[in-house]
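Two complexes are shown next, each including chain A; its partner changes from chain B in the first to chain C in the second.
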Partner chain A sequence: MKIVVCIKQLLDPRGITVNRKAEKVFVIREEYVLDPASKAALEVAEQIKANAAAIEIIALSVGPARVDEALREALARGADRAIWIRSDSNPDPKVITNLLAAAIKQLGPIDLVLCGDRSLDTGSGEIAARLAEALDWPQILRAAKAEVKGRVLAAIVQHSGFVAVETPLPAVVSIIAEAFSGQHANGGRLMDAYKKWQVETWTTEDLSLSEDDLRTSTIKKEDAFPPARQPGTKVRNAKDLVVMLKQEKIIA
Partner chain B sequence: MDFEFSREHQALRKLVREFAEEEVRPATRQADRTSQPPLDVIKKAAAIGLLGVPFPREYGGLGAGETGYCILMEELGRVDTSVATVIGAHIGIGAMAIYLGGNQHLREKYLPDLCAGKKIAAFALTEAQAGSDAASIKLRATREGDSYILDGSKMWITNGPLASVMAVLAVTDPALGARGGATAFVIETRHNGSPAEGFTPGKYEHKMGLHGSPTSALSFDNFRVPQENVLGQIGLGFVVFMQTLDVGRVSLGAATLGGAQSVLHHALEWAAMREQFGKSIAQNQSIQFMVADMAAEIEALRSLVYRTAWLVDNHKPFIKEAGMCKLLGSEIASRCVDRAGQIYGALGYSRDTDVERSYRDCRITEIFEGTNEIQRILIAEQLFREVGVKIRP
Partner chain C sequence: MKRLNFSEEPRDIWVVAETHAGKLAPLTLELTYGARTMADLMGFYVKVALSGSDVTDLASQLFPVGADRVYVADDPRLAEFAVEPWLKVLSDLFVSQPPEFAMLGATSIGDALAPRLAQRFGAGLISRCVMLKVDDFERAFVGRRAAFGGEYYEVLTTAGAKSHFATVLPDTFGAPYPDASRYGEIESIAVNLDGVVAKIKTIGPVDYALPAPKLKNARRIVSVGRQVGDIDAAKSLATKLGAELAGAREAIDEKYIDESHVVGVTGERVSADLYVALGIRGDTMHTYGMKGARYVVAVHPDPDAPILKQADAAIVGDPAKVAKELIELLN
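And now, the complex of A and B:
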């Protein structure tokens, strides 16, 4: 069985400061990290592998040369293979999806594709849904847990709780960042990822995509700065809270 | 000349920094207040391979060399000197003595368990009457068949209350003294947590700082060690112990580098935030001079520490530079915490700040692993040797 995990690298938000008055974002320290939702997806893949025999985990990432570091971290986090899909332009979700879908088809029979649900930066959460459409596979979005028992069994976040869902394989499943346990990469595997193992490089030419597939369809109109969040209402005690909830008709 | 760290060392630094911030930092205050080492943090470090950073992969280590080990110590020292000391005594002198002095059999027998954190190591040299004068040790090892029997005691042993494997130096021939008459052994002092026969952990030291790093005396009474546990050659244990300390001084320099870097960071943040006389105190030249001096010294120390680590990894002579790492590192760290304390004002005297803990933690670095006076003597000895003069017998 083969599992593909699509991972995303992003600018470390701890290296950014925001100046609200000037409506500007400053990058103090330009460092890149693996998106927490990607870490969660890798962790789910590792758990599935731990409970079954002969599973190969393949990490895929689209981006410039720096994503090599994220792919090596994926190897340290249990991936057996890592493939860098080289893209020096600024691909939008449509192009990223086309690149990933073409790579997944090229990899041969894949049973399961895992993605991070919403990245810490853009957070649109659309890659998994787009991928499922491109591959014509069923999808499960916003899963907090996923396991494979002939089919994919997952717990997805809905309203204030979880709903158990399942789908046949092959399927695309996106994992929420909150599912990540906080486990650190393994040091020994991290050293091997740099000294012993390779990251494969695939270019857009390797993936036989049309020019149209590689053309972005997103148009940037302007930069918008989100307004400062307004303070909410302070509730003094539980009794006031109950009164408020009744007024809002949340409880009877 | 290439001042860039290798990619695997950069990745290791990122991993250790993340580990230090997410796992070590939250446990720091409680360990300091309760004088209990954060054992779960040590276990987590072991689980991702951090207790074997310098040793080759074949012994269960990460194969990251002295440079990798200095990166580990710097990043741990940045967050918590106590945890850096527990891990440093375990890897840098305890396991290191086995790695440097042990034969293939002893390395294979002990290093994998130590790298995996299944056992904690210590390095037992100091005695009541043998501190700076390490050659005056009295712990006696008497031959009996194919074993040695240890009788006597050690003092101020970092990890003494935790360790189940120790490198220990004992006198095998009192007539010859330390040089020729002292032998290094690797001993097993605890089995499943209980003290081995003939071993009694001694008094637990209540220290000014490093509260999360337990220190104790050790007492041996008719304690049996198989002869195969000799590290290096019989009678030449002093050499094994001194070689181990030479390497240990580089990483101690790295830990002080992390500590100094951290107090500078706190001082900058506080100076930028604190307002007096209607402006931030960072606007005062007196503060600017202090942070500039701190940063300049830290940068010089960084170059010294990593160049010395490079010397070690490339099998070049490094003893003089190792002494300098320890000497300058501890004194720069002390000056930095002193200045940071001044910038913090009364707040830096409060136990609610990291600066106060750093002030207490850092004092010992000028004393342990060879006092700074001893370092100066070692450095001078090397300097005179370079001009062909021997200044010590």
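And now, the complex of A and C:
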């Protein structure tokens, strides 16, 4: 059985600050990290692999050369193969989907595709449903966990709780970032990911896509900023603060 | 990819309706009203696609909020939402009536359908908009979407695409102003679901706990940053208040907290009743996580620390000293 995990790399939020007054996002340190929802998806793939025999996990990522790092982290987090789909332009979700879907088709019979649900930065949460369309497979969105027992069983977020759903394979499942346990990548595997293992490189030419498939349909124009927050009350000392907290009925 | 065949200028804004328990969803009424406002500027018609079972009677409620025409797919097989049948109905409708503009709610239904329709028809799509308008020069949607949970917005455009889709969050257009004198047409559409099966089976509610949401559920939080001065004072205050100790990411470097107690973009988003920030400067990556708190107290020695402007109660001073005084006063 083969599982594909589509992963996203994004600008490390720790390296940026947003200045609403200046209406600017300042990039202090330009570093890229693996999106938490992608980590969650990798974790689910690893759990599925732990409970079954002979499963190959293939990580895919679309982007410029820097995604190499994200793919090596995926290898450290349990992927058996990592493929970089090279794209130096600025693809939108439609183009990313076409690239991923073409790669998935090229990889041969795939049973399950996992991806992160909404990414931390500007997550539109479109990729899973778009992939399901491109592959003509069923989709399960916003899952917190997924198991494979001849079919996919998943717990999805609905209202304030979880609902169990199932669908036949092959299927696309998106995993929410909140499902990520916070575990670090295995240190030994991380060393191997850099020293022993390879990230394969595929280009758009390898994927036989039309010019139309690679044309973006949604483009980013600019950033916009909400007004700066209204300041609260200035308090002189702890005594006044206690009075205020009591007034607000926050402490008894 | 299917090709939409625009035989003539379509001049429509479509809304895909949702119903809940036999009623139109409030968001559907809001979107129809928003579509009306845009349509009036552009000289367009507002068309609504209404699918479900026993929904024909609801159609007329869409006229006062702005619909010119409601296409009703009324079929018992559409009683419960399922991706495949709904997609088939909408897709058939949009092939016969190619939409130049279409809006769906940013709901579980819209999130499931809009990307598929956009991918199918090669349309531009702006998902989860908090602001949406038609750019009359480009004849495209321009929408705002929250970045990093609302710290700022990214503005997207579907300019250049042939059809333009968006999913829209509630309160984007505001409450509709119904106009009782407005009227429109209802057209029932043939539902062809040959060979279409819903592939997702719902089994039922399930008990599942997300990993370690300890901070998320904490009612009171004492949160520390690099300028806390004396971590023990903060810890005692947390004990005194019955609060969890948390911190900004920088507090890990000082070994005040561990990875699982970070509040912010790269940690937890909290919803405590009381959030006491001691010696945290308050960059956006931290304040993102504390925004859900009901009452924020901030103590920082630097009068220019951004957190002081975002707190409900702000004290310029030594956090450790204030913490100790607070413990005294609460005794």
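In this section, the second predicted complex is superposed on the first by the 220 of 252 C-alpha atoms of A that agree within 3 Å, B and C clash if a C-alpha of one lies under 4 Å from a C-alpha of the other, contacts with A are read in each partner's own complex, and residues count from 1 in each chain.
The criterion applied here is as follows: a contact is a pair of C-beta atoms (placed from the backbone, for glycine too) under 8 Å apart; a residue touches a chain by one contact, two chains touch by 3 or more.
Predicted, not measured: the structure shown is a model, and the values here were computed from it.
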**Asked** Regarding the shared-chain residue A:P13, is it in contact with chain B (first), chain C (second), both, or neither?
**Response** second
**Message:** Going by the contact rule set out at the top, does A:R86 touch chain B (first), chain C (second), both, or neither?
**Reply:** neither
**Prompt:** Just chain B (first), just chain C (second), both, or neither: which does A:K195 touch?
**Reply:** first
**Request:** Examine A:R72 and indicate which partner it touches, taking first as chain B and second as chain C; both and neither are also allowed.
**Result:** first
**Prompt:** Counting residues of chain A in contact, which comes out ahead: chain B or chain C?
**Reply:** C
**Message:** One more residue to check, A:A185. First (chain B), second (chain C), both or neither?
**Reply:** first
**Fill in**
Residues on chain A touched by both chain B and chain C 182
**Prompt:** How about chain A: which of its residues touch chain C in the complex?
**Reply:** 13-14, 16-18, 20, 25, 93-94, 97, 120-122, 124-130, 132-134, 138-142, 144-145, 153, 155, 158, 161-168, 171, 178-182, 212-213, 216-226, 228-229, 231-239, 241-242, 244-245, 248, 250-251
**Asked** Any idea which chain C residues touch chain A in the complex?
**Response** 1, 83-84, 108, 111-116, 118-120, 122-128, 142, 144-148, 150-161, 199-208, 210-213, 241, 249, 259-260, 265-266, 273-274, 283-285, 294-297, 308-317, 322, 325-326, 328-330
**Message:** Quick check: in the complex, which residue numbers of chain A touch chain B?
**Reply:** 69, 72-73, 76, 182, 184-188, 190-191, 193-195
**Request:** Over in the complex, which chain B residues touch chain A? Could you list them?
**Result:** 6-8, 11-12, 15, 18-19, 22-23, 44, 48-50, 53, 57, 62-64
